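One structure, pasted below without further comment.
The first chain written gets the first letter, and so on, giving A, B, C and D; residue counts start at 1 in each chain.
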Amino acid sequence: MLKDKHLTVTVSPHIKTALTTEKMMWIVSCALVPAAGAGIYFFGFHAALVITVCVVSSLLTEFLCTLLMKKPATIKDGSAFLTGLLLALCLPPELPLWMCALGGFFSIAVTKFAFGGLGYNIFNPALAGRAFLMGAFAKEMTTWKTLQVFPDGITAATPLNLLKEQGYDSLMKVFDSHSHLFRELFIGRVGGSIGETSAGLLIIGGLILLFARIITWHIPVSYIFTVMVISYFTGGVFGIPFHLFSGGLVLGAFFMATDPVTSPITPKGQIIFGIGCGILTMLIRIRGGYPEGVCYAILLMNSVTPLIERYSKTKIFGVKR
Amino acid sequence: MTLGQIIALFMGSVFVQNFIFSRFLGLCPYVGVSKDTPSAMGMGFAVVFVMTTASAVTWILYRYILIPFDLTYLKIVAFILVIASFVQFVEMFLKKTFPALHRSLGIYLPLITTNCAVLGVAFLNITQFESESYGFAKSTLQGFFAGIGFMLAMLIMSGIREKLEYAEIPESMKGLAIVFVTAGLISIAFLGFSGFKL
Amino acid sequence: MEREEKSNTGYLKELTKGFIRENPIFVLCLGLCPTLAVSNLVENAFGMGIAFFFVLLCSNITISLVQKLIPDEVRIPCFIVIIASFVTVASLLMQWFIPDVYARMSLYINLIVVNCIILGRAEAFASKNNVFRSMLDAIGMGIGFTAGLFIISAIREVTGFGTFLGFRLIPENIKPITIMILAPGAFFTIGFLMALFNLIRIKKGKVSK
Amino acid sequence: MKAKITFKGGIHPPENKDLCGELSIKDFPPPGIAVLPLQQSLGSPSEPVVKKGDKVKKGTLIARSKGYISANLHSSISGEVIDIKKAPHPLLGEANAVIIKSDNRDEPEKDYSTEDVSAAGLSSGEILGLIQNAGIVGLGGATFPAHVKLNPPPDKPVKTLIINGAECEPYLASDHSLMLNNAEQILKGAVMIKKILNAEKCLIAIEENKKDAVSLFRQKLNSLKDIAGLEVLPLNVKYPQGAEKQLIYTLTGKEVPSGGLPMDISVLVHNIGTVFAIYEAVFLKKPLFERVITVSGKGIKNPANWRVRIGTPFKTLINHSGVTDRTIKKLIMGGPMMGLAQYTDEVPVVKATSGILLLTSEEAAAFEHLPCIRCGKCVTACPMGLMPAEISKMVEKGRIDMAKSIGLMDCMECGSCNYICPSGTNLLQYIKLGKYEYMRSKNAKR
């Protein structure tokens, strides 16, 4: 009776889980939607344009690269869309659009396809794109949309900028109390990149990823915990919620550092990776030339990921250490 | 010399002005020997050792021979000869006394003679610290830290290159092209250290 | 047989091989440190190119002249001393004539002494060939190196400053991509230029097949 | 002894064990033609003792073991040997087989239905002889001859005997049904094995999704006498809980050393099916010519557990069970995780067959192969603590030596990594290839 049927012969196993790479990419993108929405709500229409341009330029570059390299088209696997979205979320809301397009191009063409495409890149494409734009257009990349204004009319930058350049007192001049500051930070009504300010919505998105088993706890927990410890020792009780909710830490810890391609593959390596990210972030925030260090910290840890992997191999069953 | 100065020297030579990613010194051995981690490690140790000692030796030479005798215009010839013969001497010394160490580092030592990072740090030392107090200590430390920075760069690159062996790099990017693009990306990440202050 | 062929294929090849086929920067991948360090401005690149050309030419000629006199065991130290002397001369001359360019890149001028191209040509070519051939080789390599340096610096200056040799090419209101004159820009430029050379070679290889 | 809650790694594939419905065992009628491959176990194939034209009965010895690791083979039906020739084999593709045509009388060599009560008093040597004569092999799938396994070298005494009733493969329910129907016999067999080995204790391990089996065994243990040292232990439901090394680790907390055997840590594991076969061999003097298998999958109309004669062609079973009109994609011998895909339904049931699955294209979904995104799911899933993605990449690039250095040969091919991989990478295929290449180059060096 089976004569007329074609039996497929493959190596075992013959069943597979339903969670595919494609689905993972789209779920991550969806988890970012609330934060992106909040960004557009707070920063206005231009933020929506920035997101659109970044996504379109990423997709277009991906398409052209696959065409040039004569590879099968990979646009629908969602990775280019996600890269474009993540890139836009860590750009200032009023960045000129051609710069956004250039960033998207750099992310996909240089950091991803020069290394062979999805799965082979060493650096997180979105962050590399952001760091490239930061190096290229330092002034535009640090021009923030003002949401808070000093009593004397001077416009305020991001809270991290304020703390670093003008000190704790002027920060408190803008936000009259700690609770006010933390509330604004949590809902995201402060100056900053489009998608990084709304810590609350980002945490919800991160929890979605955790429960959908797209990411594991190792990197976010070790990263955030390290930042909390260091900020306690440098900034006291005020430091913990401030450093946790300001800047791109939540976005970075849940969505950027956990990029599977560029982080270590073993749980032990992931914890080392997270701790390294935390230390570098705080080092740059406190001592570095930039007010924010999440982007560079993750990129730096990306570069040592192969070394971490080399020294954090798993324990093989039945092999004595 | 305070601890703060030492830390500043360390951060400066290892991260902020890394010899590879910011000063472009020692690129030939960098791209040549960073194919796998063990040899990167060996080369790194050899460079740390030679840079430290060469910094000390050239500083003494410059400060106590070339300046008093007004021969500073001969510094290029003098330094390169001193470094070349010093490396030669180190190699002979290692061969005699620590043959095991020589076997692991020996092949890298001759390469170091023409490593411009070694000569570069010697020139940097004399321009930066010529009239400063603790010049000798600072020179030696700068040599040591610059060597550490070089080794760090070597290790990072070797790890990445080992991983790239399994990547499907486009035909035209293979070889040194991808190594330089990678170095560019690492140096973007290292930009994060710029403006570092204590 | 080999000798005959050599004289027939002639001196022209000796001269032109450094341009593309054995371009010291993109193909031989030698002497990269100064290439990247001074290529943020075309002006610097020219300064470097001239100094390099001068040292390479003089050392190649000198070494091919004295090759018979140098014992084989100590030839490398002798080459280094010869090169170092010419580097000293070059650096003194530059200090005299173009002090501002020299001030920007004195470190890298001094480091020509350990540039692998010069020592490499001395060892691989000048110590084995006559004066005229060595001279042609030096000129070819010098042009190849300077041209490579020129291309890299032109790309970096135009994109990173918006100028070429100080003249504004790109209007002020379009922001230049500053990162191109920083360290990463140097790595990217040479990386992608190498890829371009590879691409051309692959295409040529396919055609000849 | 404190039992570990579970082992490290593992996956939770959909079980699909309820397809078979009630867990009774139905007797499958003897086939018209039985194909009995001579290679039924690990080691060397047995040597035929019959020739074309010979008349045989059910249970007649038709091939004798050859070499130390080898097992006897008996006829599963009565009739006439019509040929000894190459025939399709579910594991080897093709192998020599004795082909017997039924005379439809199903006449047994001797009576296999009365229990020999005196068997309990036999000596270890006599029992081992009975087991060897009956041609019993490990029925969990490894097919290691049982008499060899039960005769460990004197310097490695077995202290703990584990009876494996985990049956962690999805779809399969043959062990489960055997446990429910023959609990008493299995316990008798277990006591017998414990006696041969002189083991201190005997643990019967059953996954928690078979609660009825757990309580039945507990109840039997309470009611029966003379069975000191036996214990029933429920296990967490996780694949591959039934894998030998993981099972031992879960129950005893000890790791079988890499490249070693359970007996290196004084443990021995036997499958439920094997224990039952040993019972039959010792108490009924019945050779191994039939076994319980699951015929299931969404391509089968009436999935069931059958007691089926060795040598019955798959197609006889499939035709008898009926095929649904959905798109059929794969025919598999064994479970969906470790079973072997068959290219034809002409292959016969062998001693290693624990199930026959006919999977539809929706069940055996193969999705687009994307590059590895290094998500690390395979690393967390691997019960052996390996890095499957790295190993398979190394094999892909021909670096067998490097793959070996990070544990290529420790892989037990459970397929967890492959199941969980979101990119659809055929990790196990490369790992198997790597193991094959490694063994080949090692043998070539010799």
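Methods note: contacts are C-beta pairs under 8 Å (C-beta built on N, C-alpha and C of every residue); 3 or more make two chains touch, one makes a residue touch a chain.
Since the model is a prediction, treat every value here as computed from it, not as a measurement.
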Contacts common to subunit A and subunit C (chain labels): B
Most centrally placed chain, judged by C-alpha centres: A
From subunit C, the most remote chain by mean C-alpha position: D
Of B-D and A-B, pair with higher C-beta contact tally: A-B
Rounded Å distance between subunit A and subunit B, as computed from the means of their C-alpha atoms: 34
Interchain centroid distance [CA atoms averaged], subunit B/subunit D, Å: 61
Distance between the centres, which are taken as Cα means, of subunit C and subunit B, whole angstrom: 23
Centre-of-Cα separation between subunit D and subunit C, whole angstrom: 70
Where subunit A touches two or more other chains at once, by residue number: 110, 116-117, 120, 132, 135
Subunit D, residues touching no fewer than two other chains: 371
Set of subunit B residues in contact with two or more other chains: 168, 170, 173, 178, 181, 185, 188, 190-191
Each pair of chains that touches, named by its two labels: A-B, A-C, A-D, B-C, B-D
Partner subunit A, residues of subunit D touching it in the complex: 8, 11, 13-14, 170, 245, 249, 255-260, 315, 318-319, 323, 328-332, 334, 336-345, 357, 359, 363-368, 370-376, 379-380, 382-387, 389-390, 406-407, 410, 413, 415, 418-424, 426, 428-429, 432
Complex contacts: residues of subunit B adjacent to subunit D: 165-166, 168
Contact footprint of subunit B on subunit D as seen in their complex: 371, 393-394, 396-397
Touching residues (chain side subunit A, partner subunit B) in the complex: 69, 110-111, 113-117, 120, 122-123, 128, 131-132, 134-135, 280, 284, 287-290, 293, 295-297, 299-300, 302-307, 309-310
Subunit A partner contacts - residues on subunit B that touch it in the complex: 37, 155-156, 159-160, 162-164, 167-170, 173, 178, 181-182, 185-186, 188-198
